[in-house]
């Protein structure tokens, strides 16, 4: 019971990999925002499988349909229901999955929890679930951009051991999307692509790190003490499939500095307060300080590999299972729009929450 | 507006550093649990300032009082209100703070958000706020231990560049508390203490990493897709003052493995399903799998240092500020019980939530 | 922002009268419940327009489709998304509504709130919104019946000044559905039907009272102090279109008794505690006591009447508006399944909540 | 688990009749509101026992203390914790209650739910719990008055069969408080007081109806479809001890009108839209329309009477119990400030919620 996210800009996602479709209901969107499917489809196209040679070949158009909440091209303030129909129904590719648990997939844990699972394509654990997040995130991004001037740029910072050089102050979405791995450092991008192709040819997979920078957030967003802005970002990121962590600003690396080195000096100029460095990552005490927000999310290598692996069957007997069918060697390129979406959902929710308490 | 945490085992903390006191209301505690202040005070004693030479010298006994929710030594199922009175009221030590923002503290961001702040001792941003969390966490730990057999052990894994060796399978609370830095690796502990004393003598501060291992969680806890167990743990940890990140299982390091290397083979023996490795960190797809849960939380160096630093005043003019008065060179030893408490609060909440949906 | 209801068995409804359809996402349904559309359609058929000569003639089949959350005929524990497509798209019948506010409809208040409205058929204020409630309520009723032995019977107690005689201890669903007005007192039912036909012939409308009795609720459900069982029932009922009140047990009439007359004597026999009278209505102090729960809900006469009425247009100029097109002389027969559904949603939610805190 | 109320202006009450005290934590109060105990104590004085000859003689000063959330007389935006210590600890008066369930009190249902109860003075079911509500309500009323121009006037409309005549358009708080029964119709008030004194002399009790009028609410507050303004008011009222119902506008009486009679004609004059009648009670479709909001709440007669009554003991054996000690013949005068408080809490919460979604 937890398929909703957000307090005031609240989404509820639904759907399994196979079945009628996947979708989302967004409750709390401000009224009178211009909105049609054309605002949303581009983000889904960034997320969909089959878009390049280095991601999963499952081929679905993932065409979004807005079922409610708009009228004559504008939001009504009522719930926005959106849906994508499932097309690829090759459940025969999964028959072995009906009786065996895939290692490092959630097959076993779903049975442990619910006593039942939809074994077709992972059911609810499929990354298709993120379609609803990305669709709602597109609306969140539009609101953030148009009403608050906030810009979110996520990109692949690292694949396996290849680390990109990226200037957070200037990186653009166009740079990110200039190549299929979504890394704005074109030299690193080429090496990442080559690495992923090699990994795919060996039936294996790799992970990496997505980094996000958010520019334009005003000082004041975030709700201490529990819904600190970084706490909600952390939760959002760890709710994404295959993510294993989160750090913000100096993050794990900050432990190698002393307080004197780490503190961000505060300065004032031209009626604006700013910090000389930004080790805080744009958030202090749970509240944005007006500096860019940046954070990193590591994704583990995709669990499905084309090799025989030890596992147990649904009778809890030891056996082996070999991945077959579609092979996704690296989730990173498709994780980028998911991270964008979750970031936007957290930020717009906090914008509305801040407004509610402090804007009256 | 966000001083509550948890869905079914729900705490609401209140209180500023200076003022009537700090406290917590716990709603949703199961009835008929034996409970007195003696169950709670030891955890507060682990958290309180002044307990050793390497932490802040603010000296308060932090004596907890249960104001409601128990009767004849047992919980009633009604809200448990607990409170600690503030004693140390040396607000004169803070007068300069009334007009200047401390760098990398939340002084500026609170003003940006609320247009007002209690500048005495940090007000709501003081670590005293965590007293309520630790008190409620003590109750959560007792429930987890007695009703579910769950054991939580947090410890200092790293201070600055000193990394401890700890065996997660065997580490005990007694080992953790065998020294004042709360690092169960006694050799590393000695070096950490020496480092912190040196840092203190220079008026500076250091951070580090707290690691937690949880043993005994059954398979099945966690609420995909948004309240995955690791997502709620991440939020809980990032809600702690000075924390800058979170990773679980293989975490950031997992990106340097391929899928074939990273996957945890599943095996069965003696009617028990287990994994040969535990790179998942005890959680797969947001749900516990019965293996130990372990994760890491980096804490930045304490922002208060005894040096002149650049900042602005409340009129947004450039100035400088030198920390004076109490000096806390390292938050790590006192962060350990905070991490314990937040871990317990997440786990008991998920235990109840799992029970609610799947236990009927 | 409030299209969700329930804490643990949580529904989110969506949809306008005209547009893609109407639907609901149910989050928190226990897993492994046998469930297909056949469990739900009968309740929707009780709710749908056009089912008899005394309700609105809008003619739609309201065929429900389960889009997610079940597998091989059983619930998965994941969100259950259900939807009904809109068919009747005669928006031309509403063109005058585009520029004029219907008296005692929510046209003006939606504009006052959102600055925009879907004027086609009432948009979100249409009773079509309750389709999602009734669909989810059917699942709640099944759970209550099969897992807890709880039976809910709502019926028309009063239309205008015709008051039915109903024996709460024995009234059955079959008796309720034995006539088109859904009043188990057949004599009164005939008079009610005649009255409604007469009212319809005059282009007018009438209201009345729905009464509900719930048998089989065990002692212990309800969450004081704010989510008392009667408080959540009251909210549920007042959330229905056209309802104007709620009372439980002795209700408004109880003020004409003294305490000595009103108190329910408690007795014990054959290991069962019961009360000799039931003025409490089955709930004491917010918690069920094991006696039947009964309450009443008044519904105002439908606002759409076939007469010229004073109103203002969207430029806030005085004008008149005459209802035309479909005419619903009495909402009561269709309100019965709505009240059933909301009652079931409240009860199952409280069953799970009670289980969560007190069942461990 | 449900001691919190409100979404954005959220209170959590705690405390039993006997024990450390009773209190409330208010989360979400806007910052920079002038606030001291002097703003709150008058409302508590209206609620406290012993204030006149016709209410319970329990004599406590109920002195409120603000423990957090304010600084130099202004709210900080952080949680406001408030508390009243319990003084009257005559638990010996209750020893028989330890082993017997009082009829129509919640003694039995608390045991049925929690398996334990605090039998001293009713424990959590005591009306002392409402102290926290009234304290927080005082803050809500101040915000409503100062920032929105909203005025709430509740009064005793009926005691037993004595019905007061009150002009909703003009009734004032001064009129309400001009007599001890809090009925602004002085003739009726005299008769009510005489009736209550007679009832008290006979060791019995009576109930009645509190009516509330709210003037100054702008059009636009309320959150369809589930958190309609009237739905949240209904829940708030039914959450009060001894209340048995709620109706708004025409309410139960509205069923005796046809639609043509019942509809409120809409008119416009001097740039203001209004209705000629107000059978809607100021709310249409769940949203305020700018007209006065008015509703009624029936309270049953107090369950404690000074007569022998049938009941069972904690071993579920038949026995009798005679009320002794303090005797409260009529809850109505003290219910008035409770209704005021709950009304204010609902309205301010909706004001903030409306602002959050529609004010950006």
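We just call them A, B, C and D in the order they show up, numbering each chain from 1.
What we mean here is this: a residue touches a chain if its C-beta (ideal position, glycine included) is under 8 Å from a C-beta of that chain, and two chains touch if they have at least 3 such contacts.
Fair warning: this is a prediction, and the values are worked out from it, not measured in the lab.
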On a CA-centroid basis, which chain has its centre farthest from chain D's?
A
When C-D and B-C are ranked by contacting C-beta pairs, first comes C-D
Dist(centroid_CA(chain B), centroid_CA(chain C)) in Å evaluates to 46
Return the distance between the CA-based centres of chain A and chain C, expressed in whole Å.
39
Averaging only over C-alpha atoms, locate the centres of chain C and chain D and give their separation in whole Å.
26
Got the chain A residues that touch at least 2 other chains?
1-4, 8, 13, 28, 31, 77, 113-115, 124, 353, 356-358
For chain D, which residues are in contact with chain B within the complex?
1-4, 8, 10, 12-16, 19-23, 25, 27-28, 31-32, 65-69, 71, 74-81, 83, 113-118, 123-124
Interface with chain C, chain D side, in the complex: residues 1-5, 13, 101, 103-106, 108-110, 112-115, 124-125, 129, 158-161, 199, 204-209, 218-228, 230-239, 241, 244-252, 254-268, 271, 273, 275-276, 279-281, 283-290, 296, 298-305, 307, 309-312, 316-318, 353-354, 356-358
For the chain D and chain A complex, residues of the former touching the latter
8, 28-31, 77, 147, 351-353, 355-360
